[in-house]
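Step one of this worksheet: look at the structure below.
The first chain written gets the first letter, and so on, giving A, B, C and D; residue counts start at 1 in each chain.
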Amino acid sequence: MTPLPALLTLDDYRKYSERNLIKLARDYYESGAEQETTLRRNVSAFDNLLIRPRCLRSVESIDTSVTWLNGKRAAYPLGIAPTAFQKMATKDGELSTVRGAAASKSIMICSSWSTTSIEDIGKEAKIVGAALWFQLYVYKDRNVTESLIHRAEAAGVEALVLTVDTPVLGRRLKDTYNKFSLPKHLKFANFESNTQAEMPKGHTGESGFMQYVSSQIDPSLDWKTLEWIKTKTKLPVIVKGVMRGDDALLALGAGVDGIIVSNHGGRQMDSSIATIEALPEVLAAVDKRIPVWMDGGVRNGRDIFKAVALGARGVFVGRPVLWGLATSGSSGVAAVLGILQKEFLHSMQLSGYRSIEELQKDDRAVVHCSKL
Amino acid sequence: MTPLPALLTLDDYRKYSERNLIKLARDYYESGAEQETTLRRNVSAFDNLLIRPRCLRSVESIDTSVTWLNGKRAAYPLGIAPTAFQKMATKDGELSTVRGAAASKSIMICSSWSTTSIEDIGKEAKIVGAALWFQLYVYKDRNVTESLIHRAEAAGVEALVLTVDTPVLGRRLKDTYNKFSLPKHLKFANFESNTQAEMPKGHTGESGFMQYVSSQIDPSLDWKTLEWIKTKTKLPVIVKGVMRGDDALLALGAGVDGIIVSNHGGRQMDSSIATIEALPEVLAAVDKRIPVWMDGGVRNGRDIFKAVALGARGVFVGRPVLWGLATSGSSGVAAVLGILQKEFLHSMQLSGYRSIEELQKDDRAVVHCSKL
Amino acid sequence: MTPLPALLTLDDYRKYSERNLIKLARDYYESGAEQETTLRRNVSAFDNLLIRPRCLRSVESIDTSVTWLNGKRAAYPLGIAPTAFQKMATKDGELSTVRGAAASKSIMICSSWSTTSIEDIGKEAKIVGAALWFQLYVYKDRNVTESLIHRAEAAGVEALVLTVDTPVLGRRLKDTYNKFSLPKHLKFANFESNTQAEMPKGHTGESGFMQYVSSQIDPSLDWKTLEWIKTKTKLPVIVKGVMRGDDALLALGAGVDGIIVSNHGGRQMDSSIATIEALPEVLAAVDKRIPVWMDGGVRNGRDIFKAVALGARGVFVGRPVLWGLATSGSSGVAAVLGILQKEFLHSMQLSGYRSIEELQKDDRAVVHCSKL
Amino acid sequence: MTPLPALLTLDDYRKYSERNLIKLARDYYESGAEQETTLRRNVSAFDNLLIRPRCLRSVESIDTSVTWLNGKRAAYPLGIAPTAFQKMATKDGELSTVRGAAASKSIMICSSWSTTSIEDIGKEAKIVGAALWFQLYVYKDRNVTESLIHRAEAAGVEALVLTVDTPVLGRRLKDTYNKFSLPKHLKFANFESNTQAEMPKGHTGESGFMQYVSSQIDPSLDWKTLEWIKTKTKLPVIVKGVMRGDDALLALGAGVDGIIVSNHGGRQMDSSIATIEALPEVLAAVDKRIPVWMDGGVRNGRDIFKAVALGARGVFVGRPVLWGLATSGSSGVAAVLGILQKEFLHSMQLSGYRSIEELQKDDRAVVHCSKL
């Protein structure tokens, strides 16, 4: 294996990873819904936020850690968002991710649609010492759902993440043109029956993935489903995909333990607002009663700095982890997360904030460009 | 005939249709007035509106239907705007459109300047079961106008649509360079006399079409003309081309039954505001007393969602129907409308609105980007 | 001579004219000062203004005429701005322009720096029946200035236009690189002595034109100079180059008869605001006590419509006349002005304003895009 | 040596200088931190400010001078920002700069990291008659720092400039890819010991420069360090790198003699606001009690005009001086500064301000484009 060239930024990893991915996989990983307006906006909306650095503040020692959930601290306000089908990126798939997570002391959220079973991921997590959360899709067949919950619990995950933005699948055009379906040798590893473990072939106008979701996933999901889930588990339940203050209040009312502001990386409702634009209103509604994270468009440490400065507990990254994974497996994952951590630390040093608490106390650390 | 490739979006149809159109026709269909500022703005103004999706709202069953006019429901808030000379797009012209309308349960507005007579269109509409409205241009010769009204009534149309933005024809540069005139074998099929049924040849600096309009169409049209029309028909009368609140109030005063906010697809007054920008002030003035539709720049289901969220009764599409028509006749028309319907439904599912009533009750479902 | 192709817009004339101009002349005509920020902004600022068309207003007869100065009416709110050295564009230079002005019933402002003497231009103006104003540059030698005034009066001009934005010449980079100087066979035709009639050669870093201006033109020009001019003439005196409300008030105080809001077509202070942006504050300060015109960036009839809707008495065009001149002499000038007139008339028809008075009464005929 | 072509603008010098620089040096000079957002914004933010020129104000004699510090006047509100390693640009390095400074009557701020010793620079400054300030980096070893201060004093500098935006070095990607380190034959000329005089080699992922800074420079710098410095010197102390009003107040409290608003030319905290955007709030906080300068993105005389109009005492330029230096040594430096001075003078003439006092009294000489 020829050694990697210097890869300094997430974008370097994105470019490099392309050579290791077949078009079908690359398209599946990269694409957003429809015209990809929201996909692009998630990223560009960060550029509208500008940092106002302080000076002469003795930045010899910086504390980047943060209380993550129920008193547990995280070294950095950064985790791995759940993404499906990681074996398309690298042979060991989710196992490589969990190793990368451990190496960078990050928490990993495992997708319901992993190509490795939650049991195997959980086992590896214990070996390498990684913290694991489990992302839940609710199947029409509630027994399947309940069994998923119990298996995740048994595998040692610390929280359940209910994805609430996917009652139906967003249409990703590239996947549809590609008639995207999982490569033959890969399965939905958390399911037994063929209809749930295998993805149908795609046909003109509809990817196999889209067929799978509309046949399996329950579009009638609502806050009552959440209550039902809470009766089935003692784990903290976090909802992922809230984009509004009113829904955040409903989430609070339903007793969730945390919220991830997310639009699924621009893969569901196209033309919606960016997540970093939705964050302030969700934070205002929640008023610090539970932690609020965000994901979508985080591409460097300044983005993390901005989200945290606005009040987020932390951020998750989806695609960037896949770029690391496809570039060089677990070490690529660790490298990508390491870059983000280093850039975040660097941002704190250069702007003079010694701790996240100090940063969040300053409500003018970050300003919207329209205010200048 | 080789089968069509996968055409997933309206833009796919636009591109594909180009190969089936001679330059003269394509230019006539596509162009806007002068520098085409308004043509582009109609489309781009939709991008300034962003969707704020809700979550966990049980979207198993969605009702996309809406009261269209006088209590009659439409399956979707979507109809076909009147466009002239459809036989340039496909051999059967307006007959194909009416068949496509029926196949997609859409209403068709037939242009005064159809290349098929309103009698033939009306007959076909009955056979295939399509709802038909008739768009009216007012000729200097009022007998001609009156006869048009009576013939349309007799042909079974359900409403008259008076176009109020064309006292003179907007100058479309491409048509002028092309010295555009109707191909020899085509006629204004709703007229008998040569001067009204045939288009003069163009000459340098003026298309034949421009000559036709200035010789035939009455530039002195005003609200009194509308009153006169109302004395000639029992059909509901809708005005198409209102762009301001003050004019909407005049329309109300004149007793119209509905308003279509329109700038003629950017083909008349260039450098005017976009229709989606004009919609809110017209809605505010009308204050729900009569239905308000809009057309111009609708290119996907999110655009329909936005217009409806702002309060529009529904939207009409002009060029996209011509793209379908030129791509594959009536099935192309049905396909284009079907895409829009599916995308609209999909938008409701993904943003959590189960009915148009529910959507319109939320005054923050859609926000202008400058408010973020 | 091969016949011209169809030239429908001013931009068509601009492009066509390029083939008839040597680089030195084209660069001199086209360029703005320094980075040409203001040159571009003069044009693009018009795009930020949008028209809100009315409908059903009987536009059979439109009156485009306007009181121009001291009760005299103009057929259109449009005149020819003064531009120097017109013989670089066509053999007959200013004589062609005056003929074009007459053919289109436009007023021409003759530059102090014409390549034809004001006497010859005045004579031709009488023959063809054109209205003439004379633009004045104030020479350090006041006798020269005074003699200019008297000669212009004798030649029959109807008003003096004092240019107030050129105490020193703006640096146009292209002219400097070109070491621009007047072609040998051309002179400042309104001057006798060699130092005033001839332009020095350019050298590295300074055009000959720049040398001429700094040696001849008086940088100490102020409002007292204006008073002095008023003692020397009975003609109305108009100041050209006012960009602010406070200066407009000073102009009023000094007894001027009219103001042209201008930044010299972006050729003087680069990075200044656009003229259409300066217009409202000048109009507000003047409060209808004297007429206010504008020039800069007018490229079509919608631009005239916008300026007039904001309250301008009318507009002047500089470069577009040179494009006409270089394309086909006097007929090119007439054609360019004719296009603008026709487009302006067309705009009034399509937006439903029957007279300039009616248009100016509506303070929402034109809106800034940031208000949408 | 072939003579230079006409170089009229700073951009001409930038382009020309490229041919005289090896990639390593060019990249070091040009680059900003990370994605270079702030680097670009420093320049583009000036474009959002527009000039409102006055007219008829007798601009024969313009006074461009300004009180610079402690009653001393400067001919122009313009000085040379400190930049390291000038021998990479031209053989004589800092000596050429000091000569260029003298030739254009500008003040030069000498960097701690000069490739010529402060003693040699000071000697040359006396010979050619240039005013000199000394920029201070605070080393972990306080003896080194103290000795630097004393040597600078002895060399005749008139003020100390403490850089407060570099507790750690901003990551410049190009330098990191290049593994940038000082060319062998060059040293940190103000230091004796090898560890301080020599730059380590770079390795993958870290430039030699970055290693140097993290090993030598004190990240614990704070306002107490400033107090310590003030006990070590009688020279006025100016802080460079303040970007906020609150920090400006702290600076005032600490007794500084002046502030330079700076973000280090976009080389430290990327994604921060532009300096010209930070200037107003710093000025407001300081309320004229001490002088406030700015640097970053000044590329022509209009930029100086804008900064001064907003209230800055003057501006400094970094890269443009390096372009002059690399193009033609001391005469290039003088040329670049001369262009800026001439353009500034020209701006005052063309906008009608006869002195900086007059300009600063007008709070509407410059407006933000969003106010139009």
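Methods note: contacts are C-beta pairs under 8 Å (C-beta built on N, C-alpha and C of every residue); 3 or more make two chains touch, one makes a residue touch a chain.
Model, not experiment: these values are computed from the prediction.
Visitor: Relative to subunit C, which chain has the most distant C-alpha mean position?
Guide: A
Visitor: Can you check whether subunit B and subunit C touch via the same residue numbers (shared by over half) or via different ones?
Guide: Here the answer is different, because the shared fraction of interface numbers falls below one half.
Visitor: Between subunit A and subunit C, what is the gap in Å from one C-alpha centre to the other?
Guide: Each chain's C-alpha centroid was found; their separation is 60 Å.
Visitor: When the C-alpha atoms of subunit A and subunit D are each averaged to a single point, how far apart are the two points in Å?
Guide: Distance between chain centres, rounded to whole Å: 43 Å.
Visitor: Where in subunit D do residues touch two or more of the other chains?
Guide: 370
Visitor: Which two-chain combinations touch?
Guide: Chain-chain contacts present: A-B, A-D, B-C, C-D.
Visitor: Name, in rising order, each residue of subunit C that touches subunit B in their complex.
Guide: Touch list, subunit C to subunit B: 6, 8-9, 47, 49-60, 300, 302, 306, 343, 346-347, 349-352, 367, 370, 372.
Visitor: For the complex, give me every residue of subunit A touching subunit B.
Guide: Touch residues, subunit A against subunit B: 34-35, 37, 41, 45, 164-165, 167-168, 170-171, 173, 176-177, 204-205, 219-223, 225-226, 239, 241-244, 246-247, 250, 263, 268-273, 277-278, 370.
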